[in-house]
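Down below are the structures I want you to see.
Two complexes are shown next, each including subunit A; its partner changes from subunit B in the first to subunit C in the second.
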Partner chain A sequence: MRRTALSALLSHWRRHPLQLASLLLGLALATALWSGVQAINAEARASYDRAAQVLGQDRLESLVPADGQRVPDAMFAALRRGGWLVSPLVEGRWFRAGQSVQIYGIDPFTAPADSLPPAVAETGGIMDFITPPGRAFAAPETVADLQDAEGLPPLVAAEGVAPGMLIMDIGIAQTLLRADGQVSRFLLAPDQPMGRTPLEQIVPGLERHTPQETADVAELTGSFHLNLTAFGFLSFAVGLFIVHSAIGLAFEQRRPMFRTLRALGLPLKTLVGLLAAEVMLLALIAGLVGIALGYVIAAALLPDVAATLRGLYGATLSGSLSLRPEWWLGGLAIALLGAGVAAAQSLWRLWRLPLLAPAQPRAWARASARGFALLAAVAAGLAGVAVIAGVYGTGIVAGFVLLGALLLSAALALPGALALALAGAERFSRRVLPQWFWADTRQQLPGLSLALMALLLALSANIGVGTMVASFRLTFTEWLDQRLPSELYVTARTEEEALRLRAWLEPRVDALLPIWRVEGPVLGQTAEIYGVADHRTYADNWPMLLAEPDVWQRLARAEGAIVNEQLWRRETLALGDPVPLPGGAVRPLVGVYSDYGNPRGQVIIGVADLVAQFPELDRRRYAIRTDPGAVADLREALVQDFGLPADNMIDQGMVKEISLTVFERTFAVTAALNVLTMGVAGFAMFTSLLTLSTMRLPQLAPVWALGLTRAALARLELLRAMLLAALTMVLAIPVGLLLAWVLLAVVNVAAFGWRLPMHVFPADWLWLAALALAAGGLAAAWPAWRLARIEPATLVKVFADER
Partner chain B sequence: MLLSLTGVCKTYDSGAARVDVLRGIDLVLAPGETVALTGESGSGKSTLLHLCAGLDRADGGRIEVAGRDLSGADDATMAALRRDRVGLVFQQFNLIPSLDVGANLAFQARLAGRDEPARIATLADRLGLGGLTGRYPEQLSGGQQQRVAIGRTLAARPALILADEPTGNLDEATGDAVLDLMLELVAEAGAGLLMVTHSPRLAARLSRRVHLSGGRLA
Partner chain C sequence: MNVKALILAALLPLPALAQGFAGLGQTADGYALPDPGRVLEFPHDHGAHPEFRIEWWYLTANLAGADGRDYGVQWTLFRNALAPGNVGQGWQTAQAWMGHAGLTTPGGHFHAERLGRGGTGQAGVTPAPFAAWIDDWRMESTAPPDTDPYSALALTASGPDFAYDLALVAHGPLVLHGAAGFSVKSEEGQASHYYSQPFYRVTGTLSLPDGPVEVTGQAWLDREWSSQPLTENQEGWDWVSLHLDDGAKLMGYRMRGEPDDYTVGTWIAADGTATPLPEGALTMTPIRRADVAGREVPVGWRLILPDRDLDIEVQALQDASWMATMIPYWEGPVRVTGSHSGRGYLEMTGYE
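For the complex of A and B:
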């Protein structure tokens, strides 16, 4: 019985292959966009986990210098004498010619055995590992990336090592990182002997850190991944509109069949069960296709995401995608869940449908004004949720609740708003044809509302994200000009060379500004601490958000500190508040500056103050102020006369170019998702119009019979689709601008810690409006063409009794 | 007895008013018997037929179909009865539009687990549908569609056939031909037939006629 009934149910799809295709494709696209984003996130999470697992950092405690600086390795001997089982570790970033890699220097004899990468533990060639030039273990893709890098030990590819890092002997690492005799921290073995000397007595400057405190890349990048997930979800939601529409239509078209099946003895439970199974079967097929498409999307987007994460957070992702079971199972689950959600309403209606209810398709295409009122009520409720999230919510989750509620509210209010607009147009029409056109368009709204909602979401997202990105680009470009006033940046190879360089440059340039920095804990999180020279370059250019009048003089007198916007917002600081520096010094806050693109907190004090606090700091980097026209000659002279490698210099233009490239790549992903979402919405409109066109004949045939030609009807159908798309676009503008404001003022602040001014770009809207009209026109073109060529006999059948 | 109705009542809410459509109907139908049910529009003929088929529930009285009391039966029991014992022929044919004629003919028989391809092929030939089994319902005339509906019902070998104006949508000549065929096949199968019709001429061709008026049978 079940097989017979199922074959009858499935036979519907054989007769309506386009409807089947739209359902499968809609769900596949939705799943693809969602699972593509999830594949990227899963790859990133795996990379972070691998990085966190390196040397057991995810489970071993460590002893870390309180000021965040390195400590002498003599402390190692002191700790061992005090009975502590520790292993020294030196870590740092190695830069060369635009490449950078995280270096971990370990002591293979004391490192906890199970914390070493298998390749290190199994190599057997320990002498090769510890004897210069040593060996560096790295992920295969990192080995490939660094193939041409000079100055590194021979690289050995090892599975299990996180990408973007090198593991080598501590002595080799100390040389590479110019940290001779220094250690970054000590790893504590899990089992420690009894009777140890208290830590405060042996190493008073060290703090005991739990494993979680050391691995913060995942935390740093969390907002970025949440952003991606939100966009993936938006695309998924847009796709679900198609699925809901296709399933709803299929159910409505089969209402007579359901009645017949039940009349012929198929129990209701069996029928509902079979339909649920049918939906799940289709979801399974679409889900598999979607996952395959998602893999392709993820593979295409991964390089941009990896570049963004490297540029923004210094986090390195594996360059290749893996087919992780949790990812594809998750993709299938979301496809099944999405199809279930989309079908739930139809199944519920069927469950409640009396056996003797009229069997004509009705609800899908002829919902009443009551339906619009209900949607409007839900929209008002969601708008309330958005207001509550905006006023009382904090953090990025509240930001996304606000975004989601706002978008859904706008989408649900759309049919009602369009119905009102069309009713108004009808009232003002005097001639019969326009009157019929407006009334008929209003009648079509329920059938098209899901596709129009999808279009509204896509257009709003496009306007919102476009406005955000363009505002960001404008602000960022201006900000870069302010932030990078120096014409050339140089880095000496050694401290001694830096001294000579300084002496060589001072008589040749307008000013030589040190770029000296340390890293250390500030207000509970790792921050960068920079020192600035007392020079008018900063007073003239530095992008301050708020400051006391004599801010630069106070920095020069070691009487204050300025912080970046991120740190200021995170700690809700006010001018005058104390800013504790690593090592114990405290400076009052005298200013706040914008610092786009930096995920970490940053503090600036006077350079003399910095040197006094951290006498061991790296002093090899300088910014040069000179005549822009003289930069090329100066570079040449630095190479020819002074002997500095060309790679150790970078000019202002190149820094800006690199920064803008990072910026563009950051938003390449959102731009791609935006385009894909628009595509999905266009497809939704096309399938809705196409399927509606098959149900339109009873409405169009009488008008045809009364004297309107098929061509005229087709033209009106085309006009109708474009008009609805245009009206949707008009409504999408305020929604998109609101979305942009939420992104800039709420989500960005919560995610990245900085707030951007909002700029509007009406020319972009015109382009988008043209795109929306084209989408509407293209979507309606085929159904209209079919209508123009329909056989009169087909139209006549509408009036035949036998039908 | 194949069908037995005792004191069957049915009431509908019609806005604020309650309409007693059936007020104590008593009716019996034996195997092989054919009964015409006539009455004015809105007299409750279709309602009575729906109650007999287990498509709706009576508000009072007792209905037995093939010895089974429908009054306390649940949805699954009613569905099983329709599937296995009853055959329905509708005025609107109610074929499954996405299945071809052959599949429609075999449909109920397969639902009931009584698929007999040879018998269905014979039925198709006798119904004049032999060359049309690959077509879809929308490609058939009304008369052809009704013949498919009758064939679908008879292919499942039901004990009781309930037909709701099966020729109501057909012209007189086609209607007569369809009814001839149906009566012939019903007689061969030994099934009982209760047929709703407006036409005294068609009613006269059945073995018995009952008239429904004012909610009662006359």
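For the complex of A and C:
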């Protein structure tokens, strides 16, 4: 009996292959977007973990200079001879011709056991390792990336080294990083001997840090990944709408079959069990296809994500994707879960269905008035949640709660709002046909509402994200112009060359502005501290958000500091608050400036002030103000006459181009997910209309019988779909703008630490509206075409059928 | 004589790097070679000889607490040149250093190991004033000016669970092994420069998990440097340094290899007069084996030296005196019974 019942149930799919396809495709798409995003996140997490594990930093304590600067390497011997089992580490970024890598200089003799990647620990030739040119170990992909880089030691590919990182001997690294005789910090071996001299008696100025304090990339990038996850989830939710409508349709169409099977003696429990098993089987198949699709999506997006993370956070991701169980198992689970949720309503209805109840889709509509009221109540509740999250919430999680509640609330309120609009239109219609049209549209709302909700979500996400990205682009380009007023940036190779360069340049240019910086802890986190010269360039251009009137003079007099927006927001500083600098000096806050694209805090003080506090700082970089027309000649002269390599200078245009590239890539992923979401919504609309078209014959047949032609009916169908899409679009605009505001003013502030002014681009909405109409029209085209071609006999049969 | 060579071979923390240096039986291209005509000069030769490939400062002490319990202490600093010619400076200095410390008690055995490179101040040896150190482990002269720096030493080392701090005063002269300090290791002529100060009396403190223990006793310092001390077919050795109760001392070792073992040594009279023992004069025979760290190690020996009417049994104080260092070996205090009685140290390498 069970087998017979199962084959009867499954025969439905054989007769409705399109329905089967839409169910499978919907679920596969939803799973694909979700698992694609998860795959990217998993790959990133693995890369961060590998980076954090480098040299055992995830489990070893370290001794770190309190002011964040490097210390003389004589401290190493002093610590060891005081009984402290430490291993020195010099680290820094190495740049050359647009390429950059993180360099770790280690001491293989004292590196704690198991702290080196096996490939490094088991290599041959210590003399080759410690004497010039040395050997540098790197991930195979990093070796490939750096194939043409000049000035690095011979590279050795080693599995287990995190990408974007070179491991070499400390002596070699000191030379490459121009840090001769300097150490960044010391790793502490886990087992220390008895009877050590107290630390402060050997080397004052070192702090003992726990392992977590040194690995902050994962934390920095956390908000970015949460962002991706949220988009993945949105796509998945939209995909579920398709599945829900496909499953709903299949249940409705099989009602006569259920009745027959029950009448033949199949227990209700068995029937529900068989149907649940059927859904799970379909979910499993669709889930597997979705995971494969997700892999393709992730592989396509990963290079952009990797570039974004590198540009924005300095975090390096492996460029290749591996099949990690944590995301593909997760993808399968969410496919099963999603199908379960989508089928739950139908199964529940079947469970409560009277044995011989006729199959009557009309009942859906009658229940709808109560249903809309319920939805509206839930929507109001969610709106309340959104308001609470917006007013009282802080941080990125609150931001996403606000986003989610806002979107869901809008989606759930949609059917009610549409019903109201349609009822109003009906009231104003005098003629019979329009009255029927409005009433019939309203009658279809319950069946279409899920697809329309999906469309609303996709449209408002599109408006919201589009507004955010466009606002950002506008602000960012203006900001770049302010931030990069200097025409040329040069870096000398040595301090001595820097002095000569300065003397050489001074008579040739309008101004020579030092770009000197140190890094160190400010208010608990690593920050950059820059020194600015007393020059009108800054007063004229610098993008200040708020400032004391004499801010630049106060910096020049060493009587103040300005900080970037990120630091200002993070620490909720106010003008006049003390800003403690590494090394102990404190300056009052005299201004705040915007600093997009920088994940870290930044402080600016006067350059003389900086030099006084950090006399050892690197003084090799300068910005040059000169006639823009003379830049090319100046570059030429610097290379030919002065002898500075072309790699050591970069002009304004190039810096802007690099910055804009980072920016574009940051949102490339968002844009791609946006387009995919839109596609899924269009597909949802199509399957819903298809569902309705087969169920609606009993309603259309009388209208046809009253004299309306099939072609006219089909035209009305098309019109109706486009009308609903247009109404949805109208509602999507305020929701999208609200979404954009949340993204700009809440999520971005929490994720990146900066707030952007919002700009509105109505022209984009027109384009989007056209897209929405097209989506509605396309979705309705096939059902309408079928209606126009339907056999009159089929329509006549409606009156004969016992229903 | 010693273990020391083999360990040096494997000294490097990048283990396989050692392969290039493990061949202490290979030719010593570019390194200085021991010279039978060379006259050792002190205090100059107390310092390092960086032009040779390997070198060590090796001290073993037989100690006793106030309650009569026996203890043993080992302190060793190895130097290994990574390239001939004593090249490089700073981080690029081609000298590697390794320290081993051992402390044997009636109930157990502690050990620790340290590594470092030359040129950074982390490890090194200065001849005058004499100091040898790696990290916080030090062996430094406390002798008055114009006396032999080795005549009085301060010695410290520490591990996670033990430490010691000893004062040593010599009551006899330096002793040169072989032909005026030129010590031959094989029939093929492998050799080293080798001398000792075996006449130390020791006082000091051991820090143990149960608390400090005041100790007194005797100690023996070995100094040796070479560039090629082994033949290719020598697989390991068994070495003893014994303080006999009548004041005489015996150093002997058996190089285990094919086709025959090579056994030599030095008889040191109570006044410090040294007599080299020709190959075969001393016989060393295992009489008791113990299971140590998963291998069979001969921890009881019978030594016969007919010339001196010597027929003794040498038994380990603590069978588990295992140095689980990068190249593991057995090194621990022993008791002597038989025709003579006394105390001493036993070292055994190459037991797999």
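Observations on the structure shown:
Simple rule for what comes next: the second predicted complex is superposed on the first by the 786 of 803 C-alpha atoms of A that agree within 3 Å, B and C clash if a C-alpha of one lies under 4 Å from a C-alpha of the other, contacts with A are read in each partner's own complex, and residues count from 1 in each chain.
Quick note on the criterion: a contact is a pair of C-beta atoms (placed from the backbone, for glycine too) under 8 Å apart; a residue touches a chain by one contact, two chains touch by 3 or more.
For clarity, every value in this text was computed on a predicted model and none was experimentally measured.
Looking at the shared chain after the overlay, A:A439 reaches neither subunit B nor subunit C.
For subunit A, the partner that touches more of its residues is C, with subunit B and subunit C as the two candidates.
Judged by the touch definition given at the top, the superposed model places A:L708 against neither subunit B nor subunit C.
Contact with subunit B, but none with subunit C, is seen for A:R15 once the two complexes are overlaid on the shared chain. In the superposed model, A:T4 makes contact with subunit B only, not with subunit C. Touch criterion met: A:R262 reaches subunit B, while subunit C stays clear of it. In the superposed pair of complexes, A:L697 makes contact with neither subunit B nor subunit C.
Once both structures are placed on chain A, no subunit A residue is touched by subunit B and, in the other complex, by subunit C. By the touch rule above, subunit C contacts subunit A in their complex via residues 12-17, 19-20, 82-83, 87-88, 90-92, 94, 96, 112, 115-117, 120-122, 133, 135-136, 158-163, 207. By the touch criterion given at the top, residues 73-74, 76-78, 80-83, 85, 107-111, 120-127, 129-132, 169-171, 174, 191-197 of subunit A touch subunit C in their complex. Listed in rising order, the residues of subunit B touching subunit A in the complex are 50, 53, 55-56, 75-76, 79-84, 86, 88, 90, 94-99, 103, 107-108, 110-113, 136, 141-142, 169. The touching residues of subunit A, counted against subunit B in their complex, run 1, 4-5, 7-8, 11-12, 14-16, 256-257, 259-270, 355-356, 359, 801-802.
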